[in-house]
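Structures for review follow.
The same chain A turns up in both complexes below, where it pairs with chain B and then with chain C.
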Partner chain A sequence: MQQLLIIIKKEIIIALREKLVLVLGGIMVLLLGIALYAGFLSYQQQQTIITQKQAEKREEWLHQGDKHPHIAAHYGTFVFKPKTVLSLFDFGLDAFTGTSIYLEAHHQHEFMFRPAQDHSSMIRFGELSATLVLKVLIPLLIIFLSFNAYTRERESGTLKLLISQGISFGTLSWGKILAYCTILTIILSPFLIGLLLFSWVGNPSQAMPDETLRLVLLTLAYGVYLFLFISFSVWVSLRSSTGRNALLILLSSWIFLTILMPKTVVNLSKSLYTLPSMREFKEAIEQGKVYGLDGKTPRSERIASLEKRLLEEYKVDSVHQLPFNFEGVKMQDGEEYTHKVYDHHFGKIKETFHRQNRLSSFASLINPFLSVQNLSMAFSGTDMYTFLHFEEQVETYRREMIRKMNNDMAENSKYGEFFEYAAGRDLWEELEDFSYQPPTVGELLQQYRLELASLFIWTALFLLLINYTNRKMKPLHG
Partner chain B sequence: MLQATNLTKKYGNFTALNSLNLSVNEGEIFCLLGANGAGKSTTINLFLNFIEPTDGTASIQSMDVTKHAKETKQMLSYIPENLMLYPNLTGLENLDFFCGLGGKSYEKEQLVELLQQSGLQPDFIHKRVGKYSKGMRQKVGIALARARQASVLLLDEPTSGLDPKASNEFSELLLDMKEKGVATLMATHDLFRAKDTGTHIGIMKEGELIEQFASADVSFQDLEKLYLKHMHN
Partner chain C sequence: MDKSIKTLLRYEWTSFVRNKFQLFMLAVIMLFGVYAIYSGQSEINAQRKTIQAVTQIEQEEFSQYQASFDEELRSLEEEELHDIASRPSFAWFRHGYHAIIPPHDYAALAIGQRDLFRYYYRLTGMSLHYQLFENELANPVNLMVGNFDLSFVLVYLFPLLIIAFCYGLYSSEKENGTLALLQIQAVSIRRIILVRLVFYFAIITSLAMLISWLGLITSGPPFKTENLVPAMAWTAGVLAYFSFWFALMFLIASLRKSSSFNAITAIACWLLFLIVIPAILNVVVTTKYPLSSTALAGLTRRTGLEDENDEAEVREVIMEYLAHKPQLAGSDSLINDNMMAKGYAAFTSLKDINSQKLVDQYNEQVANRTSWTSRYHWLSPAVNMQEVLAQIAETDLHTFLRFQDALADFHGDITDFYFSRLFWNRPILLEDYHNRPVFQMTETSNRWSSVGLGLGKILLAAALTFFLGFYLFMIDV
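Take a look at the complex of A and B:
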């Protein structure tokens, strides 16, 4: 233990006296600071707009005046995806998925205001965010910090002197690994403190009740990921004969793990599980609405069938004799059929998304970068799963809104009298304001179990590998 | 103290060391002479357990170095041909670090004294080792050996490349340690230094110890003749 502490202290002192480490460390602190501050400003700005607009739209809904419920259903309203305070850390898919959606009868609209639309194609390479620095650039710092952990000792001859003092390779390796972990903690501390402060300032409880737990899990996931990079670098250095070889292996691995493989997985998932174009998708939905899901049941037939069924059920000859406004029931029936059409086509899209994500999850078993990327977005609430979860709640809300309008129309107005009936604020108030309940941490852990398994397996593998290599190692070959 | 019994090291078909038998007792300085590739450094490396012997044993205080690596290393101090220290640490910090690893804890003043006793100029004690000459680094090595209170000293051509004054100072320090009962095994090319400092001399050729004798039994001229005779045969 004493030896371990002495090694840690020595490695830290030496690293802090290296100009390259100081310069790179300083750049990382600066980049993280900029990313954090920019992320916070963006979060604050968007959150303010969202809160304000959400309140405005609610007021508009409540104060729309007396009108026919179906007109109100078309007048509709907007809902906004709340920004989570952790999205300042990882923007995730927010730039691509959009932030607001218009809710009205008959149509399940797509999300609007996607920040990516306002950017050039360069956004695909990633905006400067804290997660980009942590996932991609900090590993580069780790490589420059530790590629010569052993090779420099070997090349300069200090390794022989160290081992002649009775120190084992195990103590030496762990001393180096823990020293680099400490240096990294020092570099990342201002960022972590800043993130905590911004989380408090950002009034987190509004959007995400379990934000503290998510923050802890985020820290843990990144901690494990960076520990893996440190262990890998030290292990490569231990196995390499020269610093040049170690650096070459580590830089090649970095390019493969953080750039090539993630891009390849995305392209592969897009090729294997193709999404229809927006035009094809909308056309298919329109066809489904007009001609039925089987293509043989047109809308007029469905209406005639409903009319026949109701007339038989209530034993009357005309829809005028029904104890409710047939128009309202017809609207709701049409709406429910439209739901089936949307569920069918959106279901296929969601299944494709699910398959694409599953490929990325499986690939994360090979590449911990993908694990931390997926977990980071998940805990920040900016991943595809959370987006689809939000979309589902929005659609449930829209359907409830339309159902209320149609039911009111059926119960309170007469068939053939459209403009004569007007509902008022009592009805609008029946529809509660939209409030999103994000998935719990438990759900996320279940959803991202492969990513978690990947980090666990890689950690176990590296611990075994380092211990095995330490046991077999001699300062000289032979 | 130091004992090699049928100590052999082979790399494939090449025999680097063949059935070496030697012993070095307390207060003795055994100098191994020989050309490059004679097996001198291999012998030192086997005692350090840096490489595994193919056959035979190297033991310190009757303990096999391969089976009691930690215990035997605690008894020894090693100074290679070119003692490399951490250039970003001062001489004092290097000494403190290596002493700490060996389980020896000293006050700063004691370490300064050890460095001064080993001949390091006071001005350089607090300077980074990157600015040291080879001789200065070797002196830190001697200070380390003293600080560790090693009973065994393994030296691999420690005076190679040192100027005569530094080399002479180094020999004096070795003699001082010899007086304290330290058993020293030194690989060297320097016949003069071997005769001057060593109590015993062994001549190695092609992995074999072909001759060994007490230093006092030969004159420097005889030693030179004997050495050249073996090298030319």
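Take a look at the complex of A and C:
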């Protein structure tokens, strides 16, 4: 234990002597600061506008005046995608998912406006966020800090001296690893405090109820990821004959893990599972609506069978005699069929999305960078799962809106009347304001099991590897 | 060529072919290059297929309309179809025209913003803003990660190869103990380093040229008139960008530090130019020019007249619209006929006119953003290069903004075509189908000047870096 502490202390002193590393460390801290501040600023800007606009649209809905419920269902309303408070940490997909949607009867609109469309092609280089620094840049700092961990001792001959003192490779390795962990903790601690402060300030209304848990998980995921990089670097240094070799191997791995592989995997997934174009997608939905999902039950047939069923059920011989407005029921029935068609086709799209993204989940078993990338977006609420979850809730809300309108029409208006009937504010108020409940952490963990497994496996592997190699190393090598 | 240089080159060649690892790296990047070309082409081919499909849909739609003129109308459906074909009060919102921006042959090599923007629209005479904002289906994860196209290989990966080849330009001699031997030769050490630099430049650039021309030739014949200038510009771009990176490696070598120091510094520069600078610029521009599309979203709401049965209201709307379009106005009796259709047409057009200011403001903010960022492009030759390649392949933001403008004009042509018939109560005749509006997009003149400017900036950065390195090598340590 005593030995371990001495080694840690010595390693820290050595590291602090490296001017280049110090400068780079300083830059990282600065970048993290900028990233956090800019993230917070853009979160606040967007969230203010979105909250305000959402309230505006609600007012528009409530004050739309007296009109027929079906016209109201066409008038519809809008939903804007809220920014999650932790998006200040990880923008995730925010620039590439649509941000607003128009809710209307008969048509499932898609989300419009991807923020990246308002940028030049430079946006594809990525935006500076705290995650970018943590998952791409800090590993590089780790490499610079530790590629020499063993090779320097070896090149200057101090390794032999150390071993002859009776220090085991195990103690030496752990000393080095813990020393680098300490340095990183010191560098990152102001950032962590800043993150806590900002996310606390940014979440006064508790829009994200399990924020604390998410923050803890984020810290853990990144902690494990950075620890993996440190032990990997020290291990490579232990196995390399010269510092130059160690550096080459580490830099190549870094490029492969953080730049090349993520891009290749995604591209591969895109060519393996292709998406239809929007035109084809919409066309298929239109066809389904007109000719039926099986292509054999056209709309007129569906209406006729509904009419027949209702007439039999109520034992009357014309729709005029039904105790409700048949038009309303017909409308709702048609709407529900549309939902079925949409769910069928959109389900296929979602399946494709899922398959595409699944590939990167599997690849994360090889590459912890992918695990931490996916987990980080998930805990920040800017991942694909959360987006689809949001989309689903919006669609449920839309269906609720239409159902309310159609039911009111069926109950309160007469068959054949249209402009004669008008509903008012009471009905508009029956539709509650839309509020989004993000998925719980438990749900997210379920979704990202592979990524979690990857982090566990790699940690276990490295713990074993370091101990095993240490036992096998012969001091003569020094 | 003098004899010493020949000798130097011969030795460089010998050590180059003996270094298996370097050869391996070249092979790997070659593979990535070929994959990138394939992947870019399959993306663009998918777009071409979609374009073909939508063009076909349009052709079918209109040939149906045309056919309905000369047939003996029997069934109800046929009559309905003929109504849509010949009566402007149906046709103006049913006839769908596709505005398409076909990919440039070289879009496959630099996909740029092409996966993010829509490249085809179906337009009818309805409010333009109803039709403008729908997105193409895409997996946001794929959009975020970006495309693995040739521009990625050239802009991101080749600099890494250059670093791997050149970080020991000077230091390797020192570390191998051969420096002293070189110093006692008649040839100056600077000259030796320069020859080595040129040698690697030749090797790596030839490889890049090989891959680039492979891409250019397989994506579209480079000697076709519309491809020749882009192909030349592409070649020049690669030369300029690589010159910069070699100059940078020369500058780093001129500091005469250890190999590890060189590698760390070079990678740090790579990081700075490819990740840090663009990331900072992006986040600054997002917060400096905040944009919220929420205001535009409201435009997509399909409202109608308050009360369609109220004739006075309908007439008022028509009169308001005709005040904007006096050429459509006729006598009062013209309005009375088919008033509902006219009222609705006037209503959606008025909506466009009234919301144009909002859209303009939004576009102006986007323009502010791009002009701000383009002012800082010189900070990173990589950003500059990416932009140049996107401009060459017509996949940059500017092209899509021009497309939007052309869309608006086209929509104007469509409404003119139908409204002149609707408001003057004239049917659509069979011969009118030959004068249907056609989508056009004019070529801009300043495309090549901005490509030239971008290349100039990269070359300037390369020259400055090189001369700084040259100067530092002159100073004796």
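Here is the rule we use: the second predicted complex is superposed on the first by the 468 of 478 C-alpha atoms of A that agree within 3 Å, B and C clash if a C-alpha of one lies under 4 Å from a C-alpha of the other, contacts with A are read in each partner's own complex, and residues count from 1 in each chain.
The working rule: a residue touches a chain if its C-beta (ideal position, glycine included) is under 8 Å from a C-beta of that chain, and two chains touch if they have at least 3 such contacts.
Note that the structure is a prediction, hence the values are computed from the model and not measured.
Trainee: Contacts for A:I14 in the overlay, against chain B (first) and chain C (second): which applies, first, second, both or neither?
Mentor: Only chain B; A:I14 stays clear of chain C.
Trainee: When the two structures are overlaid on chain A, which partner does A:K53 contact: first (chain B), second (chain C), both, or neither?
Mentor: Only chain C; A:K53 stays clear of chain B.
Trainee: A:M28 in the overlay: touching chain B, chain C, both, or neither? Say first, second, both or neither.
Mentor: Once the two structures are laid over each other on A, A:M28 reaches no partner at all.
Trainee: State whether chain B or chain C is in contact with more residues of chain A in the superposed arrangement.
Mentor: Ranking chain B and chain C by residues of chain A touched puts C first.
Trainee: Check the residue A:L132 against both partner chains and state whether it touches chain B (first), chain C (second), both, or neither.
Mentor: Touch status of A:L132: second partner only.
Trainee: With the two complexes superposed on chain A, say which partner A:M409 touches: chain B (first), chain C (second), both, or neither.
Mentor: neither
Trainee: Touch test for A:I177: chain B only (first), chain C only (second), both, or neither?
Mentor: neither
Trainee: Please write out, lowest number first, the residues of chain A touched by both chain B and chain C across the two complexes.
Mentor: Common to the two interfaces on chain A: nothing.
Trainee: Quick check on the complex: what are the chain B residues that touch chain A?
Mentor: 9, 11, 45, 48, 50-52, 69-70, 73-74, 76-78, 80, 82-86, 88-89, 93, 97-98, 100-103, 148, 154
Trainee: Taking the touch rule as given, give the residues of chain A at its contact with chain B in the complex, in rising order.
Mentor: 2-3, 6-7, 10, 13-14, 17-18, 156-158, 160-168, 474-476, 478
Trainee: What residues of chain A sit close enough to touch chain C in their complex?
Mentor: That would be residues 20, 24, 31, 34-35, 38-39, 41-42, 45-46, 49-50, 53, 57, 71, 74-76, 78, 80, 92-93, 95-102, 104, 109-129, 132, 136-137, 140, 144, 147-148, 243-244, 247-248, 251, 255, 259-260, 262-264, 266-267, 269-271, 274-281, 283, 349, 352-353, 356-357, 360, 384, 387, 419 of chain A.
Trainee: Spell out the part of chain C that touches chain A in their complex, as residue ranges.
Mentor: Listed in rising order, the residues of chain C that touch chain A are 32, 35, 39, 42-43, 46, 50, 53-54, 57, 112-113, 116-118, 120, 122, 133-148, 152, 156-157, 160, 164, 175, 259-261, 263-265, 267-268, 271, 274-276, 278-287, 290-298, 300-304, 307-309, 365-366, 369-370, 373-374, 377, 382-383, 386-387, 390, 395-397.
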